[in-house]
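In what follows, chain A forms one complex with chain B and a second complex with chain C.
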Partner chain A sequence: MYVSKTGLAVIAAAYIAVPLVLGSNNYVMSLIVASMIIGGIALAWALLGNLGGMVSFGHSAFFGVGAYVSALLTMKTGMPVFAAMLLGGVGAVVASLVMLPVLRLKGPYFALAILAYAHIFKIIATEWSSVTGGSAGLASVPRFPELMGFDLSGKIGSYLIILTVLLAFVAAYRAIRASHYGIALRAMHDSEDATRVVGVNSTLLKALMLFVSAFMTGVVGAFNVHYINFLEPDYAFSGLWVTLPIVAAIFGGYRTILGPLVGAVTVYLVDQLIFKSLIPSGHQLVLGALLVAMIIFSPGGLMPLLRKDSRRKHAAA
Partner chain B sequence: MLRLEDLSVRFGGLTAVNTVSLSVGSHEVVGLVGPNGAGKTTLFNAVSGLVKPSSGRILFDSVDMLRTPLHRRARMGIGRTFQVPQPMHELTVRENLIVAQRFGTGAVDARKIDEVLDFTDLTDKAERHAATELALTELKALEVAKALATNPKLLMLDEVLAGLETNGKRRFMGMLKELHEKFAVGILIIEHDIETISNLCHRVAVLNFGELIADGTPDEVFRDPEVMKSYTGASDA
Partner chain C sequence: MSELILQALYSGVLQGGSYALIALGLALVFGTMKVINLAHGELVLLAAYMAYMVESKLGLSPLFAIPLALVLVCTCAVLVYFLVSLIRKDRELNSLILTYGIGIILTNAVLLIWSADVRSTSSAWFQDAVVVGPFYSMRSELLFFVVASVLMAGLWWWLSRSWYGRAVRAVSSNRDAAKLMGINPRTTEIVSFVVAGILASFAGVAIFSYGVIQPAFGHALTVKAFIITVLAGIGSIPGVMVGGLLLGIAEALTVTLASSALQELVGMALFLLVLFLMPNGLFGAKARRG
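Coming up: the complex of A and B.
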């Protein structure tokens, strides 16, 4: 897969420079990891929106299911954490199966239906207390293991794990978008009938995108639970796990691959490091205003804006 | 190849297609004519699967189409164009054909795509953006090209000539004739222009208010006073 020089430099900096420079600052590292968790969901959410043409308010369900599946597998069967994380993703895909009937709905109807579905899982997690621990939740969920003497459960280790997960997501997203399926999905955007009459099974393609998106979100949820070692229904299925990523994705540009990640890191870090210290309560207001400004002045989000800028610089040079 | 048996399509109280029985042979060119609102496009939509018939049967190569999902019909050999061209937006001309070929036939064959591009005079426009950078003639050609890329046995053409100026029309006509031979397809074509139909079709079927009122050679059909009455919109006078 083609990776530009800038891309390689950013990846190298992310793996080496960030831990070296910021690694000793636990607070900043924890903010970065948190922003990357939001970024992972944002990317998965944007994939569904960009390729599948669907706006979901139900991604907190995938996040929560992934977290519960992975936590329970490691706690009850002793499964290794990384294997359980993948199965957490699979669990989220299974959860998405019940959403298949609503794929035929369009626009706001789909969004509302999927929001309602998301609640079902929260109720299950609360009521099925013999397995999930009910509203008391699960304590001491296993942490990330040691790898060759390096403790992955620390801030730096966790950062490297989520970084790797996100890079894998980006690679998968790129591969899907460039495939024939990706082209057909792009075609479906504005011309669904025309695409269907040449033989594209649009419902199947949308379902596949839902699965991919659910899987990614489930893995991120699983990562989060092993990172914080604790889980309860209100937290796992909180609406914040979908609203923040939506803001991040739209801010960064949901039709680009990197936009949601850049948006999440930017929005989260700027909010926490700058606005929060300036306006301790109600700092989210500023974010809201920024988002509105972004939508008005650059509906495509931050990424197109940055690109336009660099193009202008190239032209001037 | 295609056989409609007592096909009806109703939308609420409106009967758009009313117990129509019609067939198209595997190497036949059949014109479908009739005034606006006669149900011609609805009939196309029923065959391609975009609307659901209320009663009757659609058989394609003896397979019941009503039990065949829309996306599989292209794979079986049913190709169509839209009256208002519907390029796949956001894609280039070539990507349009790649999607049509990949999903309509199951495989991608770049040579065949070049051949279709060449045949429809779109080679120069292959890398252009289909939705924004094509003129009407080219959009119409792309409609035909997309259908051809799915390797159809039956090509349903919905007013592909309408709106073209005389020269474009003549060129397009030539292309359709050649296409019939070269790609060995049966054609069902909706068209208003009697001369075009007479020139191109072995047979003509006439719809009026959803009902089939004539089915025969162009000579027979266009001499039928009832057909001409519906056709010219003549009143009872």
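Coming up: the complex of A and C.
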């Protein structure tokens, strides 16, 4: 896969320079990790929106299911954390299976039906207390292990894990977009009917995109639960896991791959460092205003504005 | 047991009146503009907080908040209209995200001004029990059910008899044909937003006068209103009225027979069931005919 020199430099800087320079500052590192968690969901959300053409208000469903599956597997069966994280993603895919009937629905129906699922999952997690611990939640979820004497459960270790996860997501996203599925999906974006006529099973393709998006979100949810070691239904299925990624993806540009990630880091850090100190409660007001402004003035997001030639470059890749 | 069920039916119908008012606003706007206003529940919430403010700051009955709520909510509704009309392309999906953003703004504005505390009315007159035959309710519940019924009858008259009401229906069923008949679709869209705002104002004051409100409540109301329009089948105004009552009854029965924790679940379950089994809604076919 083609990776530009700048890309390699950024990756190297992310792996080496960030831990070296900021690693000693726990507060900043925790903000960065949190922003990358949002970035992971934003990327998955944007993949569904860009390739699948669907807006979702229910990604907290996948995030929560991934978190619960991974936490319960490690706690009840003693499964290693990283294996459980992958299965958390698989769990989110299984959860998305029940959403398949919704794929026939368009626009607002899909967006809100998936929100209904998120609510239902939250209620299940609350009420099925024999397994999930109910609203009291799960405490002391296993942390990340040590690897060759290096403790991955610290801030730097967690940062390196989520960074690797995000890079894997980006690679997968690029691979899908470059494959013939990607071409069919782009054609579907222009006219779903015309694409069906030439023999593309558009519902199947949309279902695949839903699975990929659910898997990614589930893995991020699983990462988060082992990172913070605690889980309860209101947190796992919180609307924050929907709002912040949407703002991030729209801000960065949901039709680009890097846009949602850049958007997440920018929006989250600015929100936490500036607006949260200015307006302690209700600082999300700014995020809502940002969302409104972006849709009206630049629905394509900031990335295409900043790099006008990005489309050509991506097309070449 | 059967008395309990009958009582739940009665409470559900009373609650359903406000639900229907909220859902009608959503359905009217969707009809003319093909936009789901995800900030609609937040508009209702604004009206509810106006009622709270009038009661707690001025010491008046929440009923006096209605004119204030009408002005504020209708202004906000028209603002939502202007923002949505600024969207240049891909309006179906972008309007969802836009109104979602407006919802976030309004929720957090409410949070900033009135804090996250749960509020309810302190008026004893509202909370007094009223007995109708074998059934009990709060006075405010019955009062606002009557108000909702009158409003719905008024809406019915307006849609079927008045020029603008018929214009709203014309634009909903066929925008181009309506244009050819000399109807300005933009004016009609604004009118539908204003009417939605009027209905939302009354519903908001109603919800404060018999229930509890908190900032996150607006989002839940939007979801409920959307569930009702799906139950009804998009485009069916009488269907929305029945759908509101159905949701109210379903919720009340769940609370009586199962637990209040499952109250939200029943709406969602109904919603998905209807989406899968009859995507046109319970009354959708009727709407297509006319």
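The definition used in the following text is that the second predicted complex is superposed on the first by the 287 of 317 C-alpha atoms of A that agree within 3 Å, B and C clash if a C-alpha of one lies under 4 Å from a C-alpha of the other, contacts with A are read in each partner's own complex, and residues count from 1 in each chain.
Here is the rule we use: a residue touches a chain if its C-beta (ideal position, glycine included) is under 8 Å from a C-beta of that chain, and two chains touch if they have at least 3 such contacts.
In this text, all values refer to a predicted model and were calculated from it rather than measured experimentally.
**Q** Thinking of the overlay built on chain A, is A:L285 touched by chain B (first), by chain C (second), by both, or by neither?
**A** In the superposition, A:L285 contacts chain C only.
**Q** In the superposed arrangement, does chain B or chain C reach more residues of chain A?
**A** C
**Q** Contact-wise, after the overlay, does A:A187 reach chain B, chain C, both or neither (first, second, both, neither)?
**A** first
**Q** Answer with first, second, both or neither: which of chain B and chain C does A:G107 touch in the superposed model?
**A** Only chain C; A:G107 stays clear of chain B.
**Q** Looking at the overlay, what does A:R196 touch: chain B (first), chain C (second), both, or neither?
**A** A:R196 contacts chain B only, not chain C.
**Q** For A:P299 in the superposed arrangement: first (chain B), second (chain C), both or neither?
**A** second
**Q** Which residues of chain A are in contact with chain B in one complex and with chain C in the other?
**A** Comparing the two interfaces on chain A, one with chain B and one with chain C, no residues are shared.
**Q** For chain A, which residues are in contact with chain C within the complex?
**A** Against chain C, the touching part of chain A is residues 49, 55, 57, 101-102, 104-105, 107-109, 111-113, 115-117, 119-120, 123, 126-127, 239, 243, 246-247, 250, 279, 281-285, 287-292, 295-296, 299.
**Q** Tell me, which parts of chain C touch chain A in their complex?
**A** Answer in residue numbers: 36, 83, 86-90, 92-94, 96-98, 100-109, 111-112, 115-116, 219, 223, 226-227, 230, 261-262, 264-265, 268-269, 271-272, 275-276, 279.
**Q** Flag every residue of chain A that touches chain B in the complex, lowest number first.
**A** Within the complex, chain A contacts chain B at residues 180, 183-184, 186-191, 193-202, 204.
**Q** Looking at the complex, which residues from chain B come into contact with chain A?
**A** 48-50, 69-75, 79-80, 82, 86-91, 95-96, 98-100, 102-105, 108, 131, 146-147, 149-150
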